[in-house]
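One structure, as structure tokens, below. Some questions next.
Should a chain be cited, it is by its letter among A, B, C and D, assigned in written order, with residues numbered from 1 in that chain.
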Amino acid sequence: MSENQIMKISVSRYRPETDKEPYLQDFEVPYRKETSLLEALNYIKDFLEPELSFRWSCRMAVCGSCGMMVNGVPKLACKTFLRDYAGKSMKIEPLANFPIERDLVVDISDFIEKLERIKPYIIPSKEDENKPLTEGYIQTPQQMTSYLQFAQCINCGICYAACPQYKLNKNFIGPAALTLAYRYNIDSRDAGAAERMKLLSLDEGVWSCTFVGYCSQVCPKHVDPASAIQLGKKASAIDYVIKMFKPGEEE
Amino acid sequence: MSTRRSDEPIYWGLFGFGGMVIAFALPAILTLMILQGFGVDCFKLAAIAKTWWGAGALFVIVSASMWHGFHRIYHGLHDLCIHTTRVHHYVLYGLAVIFSLAALVIYASKFFGWCA
Amino acid sequence: MENNVKSYRKPYVRPVKANWWTDRGFYIAYMIREATAVLAVVVALELLVLSCMSQESIVAFLKNPLVILVNILSLASVMYHTITWFNLMPKAVRMFATKKPTDTKLIPAKLIISAEWIGAAVAFAVIVVACVCLV
Amino acid sequence: MEIIKTDVAIVGAGGTGLRAAIAVAEQDPTTKIALISKVYPMRSHTVAAEGGAAGVIGEDDTLEKHFEDTVAGGDWLCEQDVVDYFVAHTTEELFQLEHWGCPWSRKPDGRVNVRRFGGMKVPRTWFAADKSGFHMLHTLFQTSIKYPSIQRFDEHFVLDLLEEDGQIKGVVTYDIQNGVCRTIIAKSVILATGGAGRAYSFNTNGGIVTGDGMALAYRHGVPLRDMEFVQYHPTGLLGCGVLMTEGCRGEGGILVNKDGYRYLQDYGLGPETPVGQPKNKYMELGPRDRVSQAFWNEQKKGRTIKTPLGDAVHLDLRHLGRDYLHERLPLICELAMAYAGVDPAESPVPIRPVVHYTMGGIETDGKTATRKPGLYAAGECASVGIHGANRLGSNSLVETIVFGKVAGIEAANYAKSVQFGNEANLTKQAEEIVLKATRLFEDSTGTESCSKIRHEMGDSMEEGVGIYREEESMQKTIDTLKALQKRYKNIKIKDTSGRVFNTEFLNAIELGYTLDVAECMANSAINRKESRGSHQRLDGPDGAYKKRDDVNFLKHTLAFKNGDDVPTISYSDVKITRFKPAERVYGAAAEDAEKKRQQEAAK
């Protein structure tokens, strides 16, 4: 590939104070084989259109700021490379399924509230509550592996942009939050599964998922939320049957 | 935000079971039906339905497929932006119940010889 | 900047159209998968109706070209269901190969899918044998 | 303008800010906390830390060894009493995180594992694969959700601190999403805003690492201490500067020049250790300053690899094997593949030193208090005194939690002892601050481009205040920065109508912060006429500044704001308790020195 080719990038613009609805603005950006979409956007901001707003920080696909739609597919801008679109054009839009705040910035507060709702922290058992700080839990490699993949989520919101069920029903707790709940439920240090199960077992919990599977397809960290949710459904179903036979234990 | 526990596990359980049954049983049954249609004499349904194992298997296959199918149709309506209510729920799962009961009656009568 | 304004926000909410699934191949494939349910119900109904008929009527019914067409379509639909069903199964069964605490190897998806196809082949054979030979 | 009253306001919600918030909440659930961050907490740059966090746990390890490694690693510019406190509290803080759910990598028996790191005598770096910062940050963020007394102000950008009678009494924020300003009146304020690596163009830092908190404290009369000590991480990915963790070398990765030669043995880090058998404090496990400096020397000798993206050396991990790499360094594999198109299991990774960390920061005492009553600082933005002239890898992640907790408790105690400031007075102050900041909106007559100033600043810092420094180039950078400060007063904001998520406006204010910090770095550097840790000079009469000079410079540099002029530089003493300055040696030389010390002690 030769150095410094030119890519035509159409970027969705929306300024709440002046625009009625989003529109596309075209830019021409020179690129090399290493150029990421994030660098291209920063080039636009630095040299072509200082007004353009988008979130970004780490540039290395771990802070989760720069999720956006690239030709209709939700991706991290910093992990998207112009070289992969050589000969084509790129259309950049804000993450689907979230309200657009401005340009490529979306309002993710709903997602954050859902993350907070599922109690994403260790709820220790009574015995472990006052564990001294001179020792850790024993957690075997197998126990750790069981949840580790589900703990890789960077909260970028890409799975919500990919999820038709979230598109159709904003009450759905959604892929990342459900995955996080499941991650804590199966952590050997945690004893709070029963509390989280109440949320997972709601209609808007795991049961709103129809296993489309696109979340797992687009997840930049290979977290596989679809898997976590199916496993969550199994756990919820088993819990349902147990509660059916022991209704007394229902709080 | 609701706090009511979903009853979905029942339907999901039946749906999952039905999905399995469809995947394992229907390819063979459909293949035999099609071959029969082309004149290959291989689909002896009337005789099978009279055996205890045949009647039992057919009951399971028919009713499980119904539960699977109506469950997906119910959720599919939502996917098509049709706002589903309890009415849709009762109608679709009601159909699954009716067909399952019909299957029960039909295969039981076959087995016990209540009809031809 | 005015002092008592609480917010200058005016978020734009994109409308959801009923044909949302038409703009991505992945979603189309999903909708087809869900649609296989319709033909599954048709097949179940067909079986139920056929079960009430005599063997002669069954044979006659199955010879009807329209029935043959529906059955072929149903077979295609059921096969699509089977493939998607089997391919998604590994996500719902996540198991370690052994119980050893140091073993971090999950049973690979490929193995689970292969096992499903072997099972399906056996089921196919059993049903054919049952229909052709046992009665 | 909306006014919120809280007991403790914490600016920054990375590792330090979150830990501080939790500490306050655990100490007393009735203490109100405002946790303010210009990004959502999990975007904070703690997330990008890879290698791990140091805490004594091994049977062959002692607090004394960690203490010695840290002080010697910092070239004796550490506050030794603070280092003592630090090493004594690392392990419990790391276990605390373990209890909160952090997935530290384990040994087969289920206990926490540790890995080797540069400049450390024994393996003591706790790690969560190569995503240690990511897991720590998410564990802290998720745990913080448990505490109802923590009120988060996500995406709130701090415009200034409120001050009354010489005490800090709150902050003024710009709510980025709503486009309005909000005043948070507090009894005490903790700054936990991270570093200022963005003062340089080639760095491992996220776009948000702009030195905001440092500049805020500096503008309120608190000196920035030891700002000349800027750490170059030896292994940044060529081109983008993305970090390849020191853990790569801890696990056995080697550095080779264009001839495939392990050049570190030529720079006092040898003799060569066998490939795949890393040895603490030898070769690739030397401290960061030395390893980065070796690159510079190789470059001068023409032994680096020429690429279209500049000179590089190779980080070779191939001998570790694909399976091991994917277990221990999965992120490294992913990043090398994505950003350099290199599979580390198959090819060496092209790397070069890159600005990574600011050892210096807001001057605080050993308990994180600044000299301004009510103002505390911790984490990378602070100089609590543990890093000296060079930070050891894996000391900073654990610093965030050890001193985050201290800051939380100290600030909470202070808040209990004082009253809120006068509301009318503070509101008036806040309105003036807002007016000043938003003048950028109203007055669009400026002509200077912010991005141009930012690029020129970064390039000039690389040029003058890089790995090796000389009077002349440093002076040039100082002059450039001065000119840039002047131009900054005349910047142009194109979008003067947008209030919601106006990143052009935010970046302009950030640039002002970074410029101030950059000036402190350059002016502190030019005045330190010696070589110590990461501050290496090539000049002086007969090259006198090439050596460490304990007579004149075993001191902290303090940079004070001096109106619009360059900062005023003064010095303060270094606290030395029991570890007397000695020659700082690694490799075989270190072992000899160690033996000598033990023999003397035996006598």
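The criterion applied here is as follows: contacts are C-beta pairs under 8 Å (C-beta built on N, C-alpha and C of every residue); 3 or more make two chains touch, one makes a residue touch a chain.
Keep in mind that what you see is a predicted model, and the values were worked out from it rather than measured.
Shared contact partners of chain A and chain B, listed by label: C. With respect to chain C, maximal separation of chain centres occurs for D (centres as means of Cα atoms).
Among the chains, the centre nearest to the mean of all shown protein C-alpha atoms is found for A. Remark: among chain pairs B-C and C-D, B-C carries the greater number of C-beta contacts. Computed centre separation for the pair chain B/chain C is 14 angstrom, with centres defined by C-alpha atoms. Between the CA-based centres of chain B and chain D the separation comes to 64 Å, rounded to the whole angstrom. Centroid to centroid, with C-alpha atoms defining each point, chain C and chain D lie 53 Å apart. Chain C has its Cα centroid 26 Å from the Cα centroid of chain A.
Shown for chain B are the residues in touch with two or more other chains, namely 75, 79, 81.
Counting partner chains per residue, chain D shows two or more touched chains at residues 108, 110, 177, 499-500.
Residue positions of chain A with contacts to 2 or more other chains are 16-17, 101, 107, 140-141, 143-144, 164, 168, 210, 233.
On chain C, the positions that touch chain D within their shared complex are 1, 3-10, 101-102.
Residue ranges on chain C touching chain B, taken from their complex, read 16-18, 20-21, 31, 34-38, 40-41, 43-45, 47-48, 50-55, 58-59, 62-64, 67-68, 71-72, 74-75, 78-79, 81-82, 85-86, 116, 119-120, 123-124, 127-128, 130-132, 134-135. Those residues of chain D that touch chain A in the complex are listed here as 39-40, 42-45, 47-48, 91-93, 95-96, 98-101, 103-104, 106, 108-112, 131, 134-135, 138, 142-143, 145-146, 154, 177, 206-208, 239-240, 242-243, 308-309, 331, 334-335, 338-341, 449-451, 455, 493-495, 497-504. Residues 18-20, 22-34, 36-39, 41-49, 51, 54, 58, 61-63, 65-66, 68-73, 75-76, 79-81, 99, 102-103, 106-107, 110, 115-116 of chain B are the ones touching chain C in the complex.
On chain A, the positions that touch chain C within their shared complex are 14, 16-17, 21-22, 72-73, 96, 99-101, 107, 140-146, 164, 167-168, 210-214, 216-217, 224, 226-227, 230-231, 233-234.
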